[in-house]
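Each remark here refers to the structure printed beneath this line.
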Amino acid sequence: MLTELKREAYEANIALPKHGLINLTFGNASAIDRRKGIFAIKPSGVDYTALSPSDMVLVDLAGKKVEGDLKPSSDTPTHRRLYLGFKKIGGVVHTHSSHATAFAQAGVPVPIFGTTHADYFNGDIPITRKLTSVEIEDAYEWATGNVIIERFLADDLDPLDYPGVLVNRHAPFTWGPTVAKAVEVAVAVECIAHMAMMSLELAPRLKTIEPELLDKHFNRKHGPGASYGQK
Amino acid sequence: MLTELKREAYEANIALPKHGLINLTFGNASAIDRRKGIFAIKPSGVDYTALSPSDMVLVDLAGKKVEGDLKPSSDTPTHRRLYLGFKKIGGVVHTHSSHATAFAQAGVPVPIFGTTHADYFNGDIPITRKLTSVEIEDAYEWATGNVIIERFLADDLDPLDYPGVLVNRHAPFTWGPTVAKAVEVAVAVECIAHMAMMSLELAPRLKTIEPELLDKHFNRKHGPGASYGQK
Amino acid sequence: MLTELKREAYEANIALPKHGLINLTFGNASAIDRRKGIFAIKPSGVDYTALSPSDMVLVDLAGKKVEGDLKPSSDTPTHRRLYLGFKKIGGVVHTHSSHATAFAQAGVPVPIFGTTHADYFNGDIPITRKLTSVEIEDAYEWATGNVIIERFLADDLDPLDYPGVLVNRHAPFTWGPTVAKAVEVAVAVECIAHMAMMSLELAPRLKTIEPELLDKHFNRKHGPGASYGQK
Amino acid sequence: MLTELKREAYEANIALPKHGLINLTFGNASAIDRRKGIFAIKPSGVDYTALSPSDMVLVDLAGKKVEGDLKPSSDTPTHRRLYLGFKKIGGVVHTHSSHATAFAQAGVPVPIFGTTHADYFNGDIPITRKLTSVEIEDAYEWATGNVIIERFLADDLDPLDYPGVLVNRHAPFTWGPTVAKAVEVAVAVECIAHMAMMSLELAPRLKTIEPELLDKHFNRKHGPGASYGQK
């Protein structure tokens, strides 16, 4: 069932350690079939080298496992919350990549300092508020999704204009029209975070990029006027 | 004799350079057979590429070599002291991994800033006091084990809640129920130290993680209510 | 047509990720045939692993595509502007390599602190001014080349004495008599930027290298008295 | 002639990029036959991948090339000066490894903060004074050796207790009884410099290691009481 979806999710999961985004077993990717309302996600705590496409667990949007011998990732409720809140996304990726996680732990958004960043995000990489004690106790992974959605609603951010977020004290989540694109954004987020940290070291009061340059770069790659690549 | 134990110790030792934890020949791993009171440890100063399982040296808890053609690691008395002091551990790993060693040299514990850290330690990664001149002169490697035990007794820390330590001016030691788990913690310690250093750079007065979030993550992976992985 | 030129440009492009200079698909290299006034450049947004020499796009100095099935790199007008402004150069390389880009984003030239730097540049690595809103709107990539040329004219810098530049808010461009040399300089720029950042961290008020030592090293490798290598 | 010596020098040279110590072609190693007064050194500016043992150039202690088709490294006079000044050394290595070079550029010795450092050096890694204009003009590479010797004479340092140095504004040189040992020290110097920089970041006023601990570690590996390894 949904063999192609499981293969896509599998490919995304094994791409994460290849891109140096995975420390230990922290990280997971999922891909959704919107028509069926089912997503394929990595099983919990399984080593990346031991994965196969058929290990992917199928879960529906009500949170019910519909296929799979293994337990799905402990972060499954966060993925599910994102698929419910962000209707246009087709894949979600979670990593603990080092530089992005350093920002998340520090409670600091990644400021947009240059064109590399502007090619992916239409502004700073946002960061959620911290979870409350009740949220942590109650349904922690679901609440993690909630604070992400809350952050986007608060500033009316389009999840395709801001294809990722830092969860406070935790680590980044990214997404995209496809899970392959969510992997690419996860690579970009780590790279952007590293460069932003170094730019701050060189110029501690550095201001963010000028709006015209941000627009230029973001729109070269997004929207109706996109001119980048072979399209 | 104890072929399986020697293989486990060997696998742990050769895993260290694969994880980028070894600078030069600094580092060693051992595994204990608690029933026999014998542990298998790396020989001293031998290059990792030249090791074989049969090179592992067997030492008993009185410090007597019971099998092996080579001299055991110069850190053997530290491993022995830890096995005697921490009854529940089955393996010990020592590295000079760069970021963790930077904290050890600076005399600074690794503060717990995020969930990656909380998945492994129930608080900051502790650091020992410095050794006295007499301790250094007398039985240096044994005394190194002593100050670790002293640090844990002082704050009544459970070695399975805090599966590692920084030895002041020196480097990290980690442990676990098995030596394979001790290797995993050694990887985590290096990664956590790196991310903590960067979070401090971004937010010099950053406070440690909120207790509820620490509890949540630590208990997801440890103790009777653990929900992570395929158990 | 121009098979050898396309092969040179291709070799340069695939060398970039091998040297760790490419994050994602950011980066491109081109090589010019001065007699014909035609340069070969990477196609836009194509993955480095999928490139072949015949994918290189041929463009003339008026900006017209003269051969190739694919769209040329979106940075083509910048390359063209550089070939028009710097008559002696035979190849151009653009990367978003992490440390150099951190300086570019911060708006800070890379100060010349040691002999590694002096072997490649006859002073600090220059940085352009920011582009104006009109320049960004109008012909962004061409204007990027313009501000580079403007920077070199303002201080009467010889592009072979300063074989690279940081574009403000963006990233480095390098060049040389051949595209292979431009790749080598791109590697040097990233390495020099990394070391300069660390030297600044160790000595925040560090002055630049003494003029005699700069001259000695620069002239060992450049000009009529060059003594380095097998020439 | 001296086939074995050339092989040793060759092995040392190709080990440098394997250990990540070489940026571009910066770096060279030589080994001396003290009985014959001849050393084998890397040819100038040749890529490491293209080297073979027979490319090594033989030079005598008067500076005369005694065998070889290629020009010796431009740093040959520095190696020669070191062999003349330090009678007990058998090999010399020069790199521009990133962290050590950052200290050299900043004019800062690498402070001895921990036991990793103490296993190799009996104190801080020394740094030379800057060369004068006359020294730079006159016989630059020979003068580079001179300021190293001068630094060791000034504080009566034994080159086997301090098997390396930073040349101000330039980069590290290391040495040892054999060129293989000089390579090992070059690896250690880079690693020690990296960790010292991070310890300083964590504790800007950090004092150097206590003398008793320094003695203990240095003497575990050096001198008549050495207990490390299989000796």
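Going by the order they are written in, the chains are A, B, C and D; count residues from 1 in each one.
Keep in mind that, in the parts below, a contact is a pair of C-beta atoms (placed from the backbone, for glycine too) under 8 Å apart; a residue touches a chain by one contact, two chains touch by 3 or more.
In this text, all values refer to a predicted model and were calculated from it rather than measured experimentally.
S.K.: Along touching chains only, what is the step distance from subunit B to subunit C?
M.R.: Tracing touching chains, the least step count from subunit B to subunit C comes to 2.
S.K.: Measuring centre to centre, with centres taken as mean CA positions, what chain is farthest from subunit C?
M.R.: So the farthest one, by centre of C-alpha atoms, is B.
S.K.: Could the interface between the copies subunit B and subunit D be described as same, meaning over half of its residue numbers are common to both, or is it different?
M.R.: Subunit B vs subunit D: different; shared/all numbers falls short of half.
S.K.: Using the average of all C-alpha atoms in each chain as its centre, how far is it in Å between subunit A and subunit C?
M.R.: Once rounded, the distance between the two centres reads 33 Å.
S.K.: Counting in whole Å, what is the centre-to-centre distance of subunit A and subunit D, each centre being its mean C-alpha position?
M.R.: Going by mean C-alpha positions, subunit A sits 46 Å from subunit D.
S.K.: Name the residues of subunit A that each touch 2 or more other chains.
M.R.: Residue numbers touching two or more other chains: 201.
S.K.: What are the touching chain pairs in this one?
M.R.: Here the touching chain pairs work out to A-B, A-C, B-D, C-D.
S.K.: For a test of understanding, state which residues of subunit B touch subunit A in their complex under the given definition.
M.R.: 113-116, 119, 184, 187-188, 191, 194-196, 198-199, 201-203, 206, 209-210, 212-213, 216, 220, 227-230
S.K.: Can you check the complex and tell me which residues of subunit B touch subunit D?
M.R.: 23-24, 26, 43-46, 70-71, 74, 96, 98-99, 101-108, 130-131, 133, 136-137, 140, 169-171, 197, 200-201
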